[in-house]
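What follows is one structure encoded as structure tokens, with my remarks underneath.
Each chain gets a letter, A, B, C and D, in the order it is written, and its residues are counted from 1.
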Amino acid sequence: MTNILIWNEFRHEKSNPAVQAVYPHGIHRALASGLTAAGLSTRTATLDEPEHGLGEDVLDQTDVLIWWGHRAHGEVDDAIVERVQQRVLDGMGLIVLHSGHFSKLFKRLMGTTCDLKWREMGERERIWVTAPNHPITAGLGEYFEIEHEEMYGEFFDIPAPDELVFVSWFQGGEVFRSGCCYRRGSGKIFYFRPGHETYPTYFHPDVLRVIANACRWAAPGGGVRPSFGHRPQPLERLEDHRP
Amino acid sequence: MTNILIWNEFRHEKSNPAVQAVYPHGIHRALASGLTAAGLSTRTATLDEPEHGLGEDVLDQTDVLIWWGHRAHGEVDDAIVERVQQRVLDGMGLIVLHSGHFSKLFKRLMGTTCDLKWREMGERERIWVTAPNHPITAGLGEYFEIEHEEMYGEFFDIPAPDELVFVSWFQGGEVFRSGCCYRRGSGKIFYFRPGHETYPTYFHPDVLRVIANACRWAAPGGGVRPSFGHRPQPLERLEDHRP
Amino acid sequence: MTNILIWNEFRHEKSNPAVQAVYPHGIHRALASGLTAAGLSTRTATLDEPEHGLGEDVLDQTDVLIWWGHRAHGEVDDAIVERVQQRVLDGMGLIVLHSGHFSKLFKRLMGTTCDLKWREMGERERIWVTAPNHPITAGLGEYFEIEHEEMYGEFFDIPAPDELVFVSWFQGGEVFRSGCCYRRGSGKIFYFRPGHETYPTYFHPDVLRVIANACRWAAPGGGVRPSFGHRPQPLERLEDHRP
Amino acid sequence: MTNILIWNEFRHEKSNPAVQAVYPHGIHRALASGLTAAGLSTRTATLDEPEHGLGEDVLDQTDVLIWWGHRAHGEVDDAIVERVQQRVLDGMGLIVLHSGHFSKLFKRLMGTTCDLKWREMGERERIWVTAPNHPITAGLGEYFEIEHEEMYGEFFDIPAPDELVFVSWFQGGEVFRSGCCYRRGSGKIFYFRPGHETYPTYFHPDVLRVIANACRWAAPGGGVRPSFGHRPQPLERLEDHRP
């Protein structure tokens, strides 16, 4: 079974009544309920736990890590970020949600600023599939709608995705590359846009479906593990082979 | 100087008064005016000329071919299509406009159906740049608008573009990958969405700017010309080199 | 269970004693044995059967098609090629082997000449993994060797692959992109280089492992099925929404 | 004119007589001579200068930065690395040479370990073009050879390049993706493999040709400059537009 670790900053929910009203037990709990119902094995971790809940032993038991952060990106310890980055390169899957675009972890893995345009006015988002037959789209229609969401607009400063799965339309006039697949080292990464803390996005059945599909897609694939470093012995003799 | 050949089906303009009112001399003449003003050397060719105006001698003088077709795709001779396809693979640039997505030429070069969703209700299109600093975007803002256009919507059945330069927002709720770069063989191809025959799209300064930029981008780059076939002589001797 | 259809031209084996000695029952039978042993459900089809063994009913029962052809590419009926191409775009997986690079089917799906350099002197090929953790590499080491093979050398005139899984080293001094993944429409395509008819390549355990892995990778993924065409009803009202 | 800044760690040349014999004035001087002869405007900077020679005013005058480092990657100041990374994302071109694959700068821009296999036995390298007509290949043949070089072998832990221009064959049996193009933010990056400090690689005419071509390719393209951040005003009114 695929073991999912849901990481949440878990700050808005403790300080902002509007967020608390939507996610009384935290975004991580909402996600855990939805993904457990989809047949995945989930645990959670949050910023204020020791090692942010991301100890080596915890990561040893993790196939795919989900990441939600927003206002406290700067409080995530650099050593933990480096640890998690290395785990991803070693094969652990990673799903980065919404404002996680600005996390240290995602920026380090992308190498770019990951900046974008944004507006919080509760407008409608329509998310279109641009990669049919992709496993992350299983069970969806050709698009789905979120009635109220924060707007994220292009230009989104990311490397061109290895596969572009979703593009969003916003009522206010913008578009956004909302579902982006990456392969980095031995790991797979999926960025998925929706999920502002003041809207019940993580109860939306299609949003949960996408995240569950992405967890299955990002799980380690069982292929070759690369090795690196000095190779003192050539595989062919080095005498002159000129014709 | 970059030599541009503008190919137009040139049928709507002769039979449909609404189109004639917008493009009295044909879409090819409107494009030629705009591109000549942008400093490019242009000629035109149309479907009803001998060899559709695409004789070997004409193609010998062409760096970049622009293609607009719509209702008469089926009348384009297969042998001419094959000739032009081979020229592109040999290094001639190709700009495919709007309904040219369904031309024999584009479908053969893509290998897919190139199908899409469409609606003709004169809605607003807002074209967003998703590849900053790309030469095709020179002189634009972060987006530009076309007040009235036909809608094209995803899924657009093309290979994932090598570079995605534009994504369109439509008033009616759809999105579309509107500017797509491809490298095929030694040639460069740019698909650009706007240009329905009943709207004055090809007089829009930003649309002309994009097409002029694309012509410069698609012009042959002067790199290596590949060779193919039998290589009887190995570059290294084939005796056993095992250590 | 994934249903595999192995298509073989099956001409060399009937006319050339050297090939017959290696593949007495045909390349398709050798592949069927190897893939059945790997747990796949296989059937075979050959050029000289009615409809080349590729009737609509047969394709209805096929998840992934494997294609080997060489000297009789021109005898494959265009209507059958178009039928199979459409099936791939509709989601059927396709594995193209070795000299199948020059088949009508592969060339139509790629849109390029698919040409390359070649030499038949039985030299050593060493196939390196360039995409670790890719499911097609499961069970391999970081490279594997084929003691005697035909050389294929760059430039290989294909679109840049969506994922490059293998690169070959040849004793005579060339390199080749030997394992190339593509997504086209709803289908997945894998080109795999090895398999000259005069060598026992299709009995090599790592070659069979790759082909079996590729069959599983290319099987339909269960994602969204796109629809196309006229959309008379906008999803949002088209009155003027300007602020 | 394109302004090139050649950065060299410049340590081996001062301490190792074998390196000094090949590059008596430093690798940066050898490159400067070659690139100046190719018509480029060059300056140099080295690790032991104040700010490593990479002050804001110097970078203001730089279109393309070339980077060679090896044993002192760790001595490059993190703040300078961040400064240069941001310049690249803002549009400055970057050419990373040989052992620069392990520089802080390249690893930060790639997000991966950038690790590889290596062996220093002076073997022959044959560099094949895999992207014909690419401007970086102008003036080359289909391959070129370096008689003695350090071997770098796959797996090379980088993101899949946006364009793969060269693949190397090594006498000892390995292959390597030797010429890799990336777009990151508004900047273009080219990694080019050859250049071990004990071999006269940077006097090789084809190596210099590639680096000069890459400088021209990576120079800022003059396209759109993106903006980011809060967009309080929607471009369309947010009232309900449902049909």
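Note that in this section contacts are C-beta pairs under 8 Å (C-beta built on N, C-alpha and C of every residue); 3 or more make two chains touch, one makes a residue touch a chain.
Given the structure is predicted, the values throughout are model-derived calculations rather than measurements.
The greatest centre-to-centre distance from chain D, using averaged C-alpha positions, is reached by C.
Between the chain pairs A-B and B-C, more C-beta pairs are in contact across B-C.
Of all residue numbers used where chain A meets chain D, over half belong to both copies. The two sides are thus made of the same residues.
Centres computed as Cα averages put chain B at a distance of 32 Å from chain D.
One finds 30 Å separating the Cα centroids of chain B and chain C.
Centroids of chain A and chain B (each the mean of its C-alpha atoms) stand 35 Å apart.
Shared interface positions of chain A, defined as residues touching 2 or more other chains, are 126, 129, 131-132, 142, 153, 155, 160, 162-163, 171, 173-174, 183, 185, 224, 226-227, 234-236, 241.
Interface residues of chain D, counted against chain B in their complex, comprise 91, 126, 129, 131-138, 140-142, 162-163, 171, 183, 185-188, 220-227, 235-236. Remark: chain A residues 126, 128-132, 142, 153-156, 160, 163-164, 167-170, 173-175, 177, 233-237, 239, 241-243 touch chain B in the complex.
Touching chain A in their complex are the following residues of chain D: 85-86, 89, 108-113, 115-119, 121-123, 151, 153, 155, 157, 159-160, 162, 171-174, 182-185, 226-232, 234-236, 238, 241.
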